[in-house]
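Structures for review follow.
Same chain, two partners: chain A is paired with chain B first, then with chain C.
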Partner chain A sequence: MKKNPFKSKHYATSKIVYRTEPQDVEQSEEERPNVPQGIMTKCPKCGKVIYTKLLIKNYKRCDECGFNFKVSAHERFAMILDDGELQEFDAHMSTRDPLNFPGYGDKLVRTQKQTGLVDGVVTGKGLINGNPALVGVMDPAFFMGSMGTTIGEKLARLFERATKERLSVILFTASGGARMQEGIFSLMQMAKVSAAVAKHSEAGHLYITVLTDPTTGGVTASFAMLGDIILAEPGALIGFAGPRVIEQTIGQKLPEGFQRAEFLLQHGFVDQIVRRDQLKQTLGTLLKMHSDRTLA
Partner chain B sequence: MFKKILIANRGEIAVRIIRACKEMGIETVAVYSEADKEALHVMLADEAVCIGPAKSKDSYLNIQNIISATVLTGATAIHPGFGFLSENSSFARMCEDCNITFIGPNADTIDLLGNKSRARETMLKAGVPVVPGSDGEVETVQAALELAETIGYPVMIKASSGGGGKGMRAVFKAEDLENLYNAAKSESKAAFGDDKVYIEKLIVNPKHIEFQILGDSHGNVVHLGERDCSVQRRNQKMIEESPSAIMTPELREKMGSAAVKAAQATGYVNAGTIEFLYSQGEYYFMEMNTRIQVEHPVTEMVTGIDMIKAQICIANGEEMPYRQENIEFRGHAIECRINAEDPSKNFMPCPGRVENVLFPGGLGVRVDSALYPGYVVPSCYDSMLAKVIVHGSDRAEAIARMKRALSELIVDGIQTNVEYQYELLEREEIISGNYHTGLIEGK
Partner chain C sequence: MEDAVIRHYGGNMSLTPWEKVKLARMPVRPTGLDYIERIFTDFMEMHGDRFYSDDQAIVGGVAFLGDIPVTIIAQQKGRNTKENITRNFSMPHPEGYRKALRLMKQAEKFHRPVICFIDTPGAFCGLGAEERGQGEAIAGNLAEMMLLKTPIISVVISEGGSGGALALGVADKVYMLENSIYAILSPEGFASILYKDSSKADQAARDMKLTAQDLHGFGIVDGIIDEPQGGAHNDYDMVAANIKAVIEGDLKELMATKLEVMLQNRYDKFRKM
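Entry: the complex of A and B
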């Protein structure tokens, strides 16, 4: 072995303390670093803390566990439509509170302020990879996406317009069911929208539904399941009555993954589960395959 | 000027940055993983914060912990060094959100240049030559034949979703194209589930020549000359020199202004490097690195500009005190990277305790390293131990000086590539300067 020029020992440190000219920099409050509220978001499923801007860029999907965060109607349009451009229909249509339900009016105004929405669905026309379509998106933040008279009316009009303009309809469903505060009027929307869907279908046009978390109650029991093609987001809860209600009624434990999109796919209720980042591409391709232009 | 800077890196580059900060009168905060408790950068910094376990993912790549350390210590800027988070646009953006200055280009520029096809498009628009090839997928053999005819043989067929050399075929003449095209397509289908391929001109035996760029927020951009980094093994550079042996003042003028144009096209601010492939008088833009490079010292030695200080001043919004005509290139500089690896065992990394260290000295010799006697090289990070940089009045003197320096260097206790580097310097190709990227792997 080569001769070692050093002795191995505990290392020494310099006796000189390096000093520089002290700086007189007074930091004002604005100059100091600070972490703004909401810069990070925690994934409720796996607990990973994600940079919020990155989460939005990644279609509000956790890159660790694939959990889909809830998206608002406008976020959905931004993800799906070319340049996020929507030509909105019936933007100011609001409910008339047909039952004069106690407290409903106040809650409605509060929710409208909070969400910036007039009611639980936004409809309009836009392009998906250059293919025109009429698109409706239900917003789960508005009364749990529950369906009242406004949603019914806006959707019925959307289908009527699509029939007239010979266009396909894409509907993103998210709903807790019928809006209790509008009672029987809510339930009547199921039949109304379904009838409009039927006419659109008879005229030979395409209707695609994308079931998102959660799609339940009267919405599942009507137009959500009427799509010519039914897509779903991974892990979405899709059903009529909620799992807790069923368990209590039948007195049995439900199987693992019951009422989730994957379960429904296995049992033939859903045609395909599509990840959010591939949704625009999938919808664009479907529209292209079914458009008049390809026939011509 | 910043009062306190946090260095979000480790090893030699962290030490390099701390040194610059000290000379500028800026306090420093080091961050370290549990494996780096006794690292030199931790001892040299004014403050040090542990940011997580040994794995990079949990420490040096842990954005939240690094931002928290910055806020808690009251640092107002972060220097990312190279590697780790240096080219992470989300990190840069998050710094911005938290009122912390990221010492580097802004997040959008990092995004733009990190995206190969967008970067290529931008360069084409700016009139910077790029490797000729197809715009996206080549769908048929016929299209492939026509394209190859226009750009000229040899061409390279590459898988669109490829990597690691799979789905790649070099085509030297038209007769072979059809077979190789189909082979690339089926291999790509098998490996990536996608048979899309594109075609690029194959640059035979290229030199890797890169230009150092500095841009300030007042719209000034200068280049600090080139570095020849063609001595590579598995795309890892081993020896870098400036100037390149093949460079002429005319060519430097041409490539330098192309590099400046490229930086201006992206509104580039701070230090960056434009990488070119050079072959037989032609050069092509390859990519732009949006950070300080490992081999920045060779540029510092020939230009006399302290690039870390320049980065800090630029990040502070200052105007660069020099223009292109003030940049002078003096002499010749070479850098050898000394790694903890065993060349006889296929360059297997050799971490462990460094019993003793003796660094070379004398005129024109510089060693950038975080080594000290008794230091344990951790196995979980890069194996680079030191950079030996020499400066000489000409290339011959620089080579002689490097050989002398390497012969003095002692790193006792672990295997290193010092002898391998020394032998490289005796190779005829290195002495003549006529080497290309295939030098070591014999491509």
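Entry: the complex of A and C
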């Protein structure tokens, strides 16, 4: 086995302080957004009225038109991991506002209370059809999935741990782009996470990305596009620039289906589009195919 | 390095951040090619990404720095409207980043250091850029530059716009000219998103903390390179000489460093951000 020169002792950061003590972000199930309310839920795409319990059982996917309802990070883990069991890492990590940006600190606390999340990604270890993997899920409900220092730090640590433990990484991406309020620090997370991905890759381990709606901006231009295998959910918006920015730049309407998962598949940037109800099986098989045979 | 060349703080003018943005964007400000001709000798431009086309928003090639062969990659603004159209206002397409990466891999093969000049409002946002994978191209550069087995020095000469700038900015040493800026987004774009009013760009420029002095204070860049009174456009030769002195000093140090140590330092530098 190739010796990995990387030593994972570099968690201490010079300028950014990461809080790790538990914070009061508990909330009741009813307050949680993205959970269809009531007995029946209407599909926003085809209009079909679906029995809510059935919708949740069907991976929050409309059985009529295939529309994917948004899922939270915790719902995603429930869909993907064996018994929904996650050994969570850095669960309470949160960045102090690095630019001291007006109003940001308060908004962070408010959003934490509203969403029950500490920041926009949940990471940890679990089994997928018996295959171990480190998994990260971005949650678009938190600041539109925007990437700031907390997301960058948690993901860098996830890849460093995976390199050390010789494990595969699976990331579900969802992001509106950079966390504006963290300015240049937000930009640098692209380099930081890509660096950790590169080390993990150099050591010969598998990294799978699952692009979910929407994956844009700095996340697309870094770790989302660095997977050995890139999967996408049907219909997901995936791009570097957001559609509105492009329309403003070129002064015309974008064609139908532009920047959707199917468009990326056609242009050669996605390996497969996988339906949500088949994701666990697909990921399990891929992990099994790439299990470390040198250990056998 | 002499203190006269790199001053770590302050400046000879007290400009507001928004004034610095405007100064950094001035058409008379020296561009990548202006510095290349003053710092290096025998520059030979190399074209194309070998996949699609030659993106003229990025100039690449080989030259001598003193007697050391180096690979140079520069985002290139035009000095007039016609040049700017050819250069796409220094907003690269994916093929520009792929050309840069091709030349960097070539530099690695021949053990040549890489010198990057960053000067872009951002990577281009358009149909072709998306179709050809702007995100994938930038991501590829970030990962590959981190592992590139040769020294890399990047200098933000005017505008460092977002991921489009960072795609040439994963380096052992990163510098900014005294009146350059480096940010996640243009102040106008930032104001329109966060303050819902693009005319509040001056406030955005202040809140974003995008000046060389801010970034050096954060530890994001390694140093600030001096400009003459009034800005770089007042003395191209002096700024070129300052950049040259910094690059030469660093290369001496980097080329004497063991490769594994240099790569670990490069990793640690970004890991701490």
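Here, the second predicted complex is superposed on the first by the 256 of 296 C-alpha atoms of A that agree within 3 Å, B and C clash if a C-alpha of one lies under 4 Å from a C-alpha of the other, contacts with A are read in each partner's own complex, and residues count from 1 in each chain.
Convention: a contact is a pair of C-beta atoms (placed from the backbone, for glycine too) under 8 Å apart; a residue touches a chain by one contact, two chains touch by 3 or more.
Fair warning: this is a prediction, and the values are worked out from it, not measured in the lab.
Peer 1: Please work out whether A:Ala91 is in contact with chain B alone, chain C alone, both, or neither, and reply first, second, both or neither.
Peer 2: It touches nothing on chain B or chain C.
Peer 1: Does chain C touch more residues of chain A than chain B does, or is it the other way round?
Peer 2: After superposing on chain A, more of chain A is contacted by C.
Peer 1: Is A:Cys65 touching anything from chain B or chain C once the two structures are fitted on A? First, second, both or neither.
Peer 2: neither
Peer 1: Contact-wise, after the overlay, does A:Met289 reach chain B, chain C, both or neither (first, second, both, neither)?
Peer 2: Neither partner.
Peer 1: Could you tell me if A:Ala196 is touching chain B, chain C, both of them or neither one (first, second, both, neither)?
Peer 2: A:Ala196 contacts chain C only, not chain B.
Peer 1: What is the contact status of A:Lys53 with respect to chain B (first) and chain C (second): first, second, both, or neither?
Peer 2: Once the two structures are laid over each other on A, A:Lys53 reaches chain B alone.
Peer 1: Check chain A for residues that touch chain B in one structure and chain C in the other, and list them.
Peer 2: Chain A residues touching both partners: 5-6, 10, 13.
Peer 1: Which residues of chain A touch chain B in the complex?
Peer 2: That would be residues 2, 4-6, 8, 10-11, 13, 18, 20-23, 25, 27, 30-36, 39-40, 49, 51, 53-54 of chain A.
Peer 1: Please give the residue numbers of chain A that touch chain C in the complex, ascending.
Peer 2: Touch list, chain A to chain C: 5-6, 10, 12-16, 98-99, 101-102, 152, 156, 178, 180-181, 183-192, 194-199, 201-202, 217-218, 220-226, 239-241, 245-246, 249-250, 254, 258-259, 267-269.
Peer 1: Can you list the residues on chain B that touch chain A in the complex?
Peer 2: Residues 1, 3, 22-26, 43, 63-64, 67-68, 70-71, 74-76, 90, 93-94, 97-100, 355-356, 358, 372-374, 410, 412 of chain B touch chain A in their complex.
Peer 1: Can you list the residues on chain C that touch chain A in the complex?
Peer 2: Contacts found on chain C: 123-127, 129-136, 138-140, 142-144, 146-147, 162-163, 166-167, 169-170, 182-185, 190, 193-194, 207-210, 214-215, 218-220, 260, 263-264, 267-268, 270-273.
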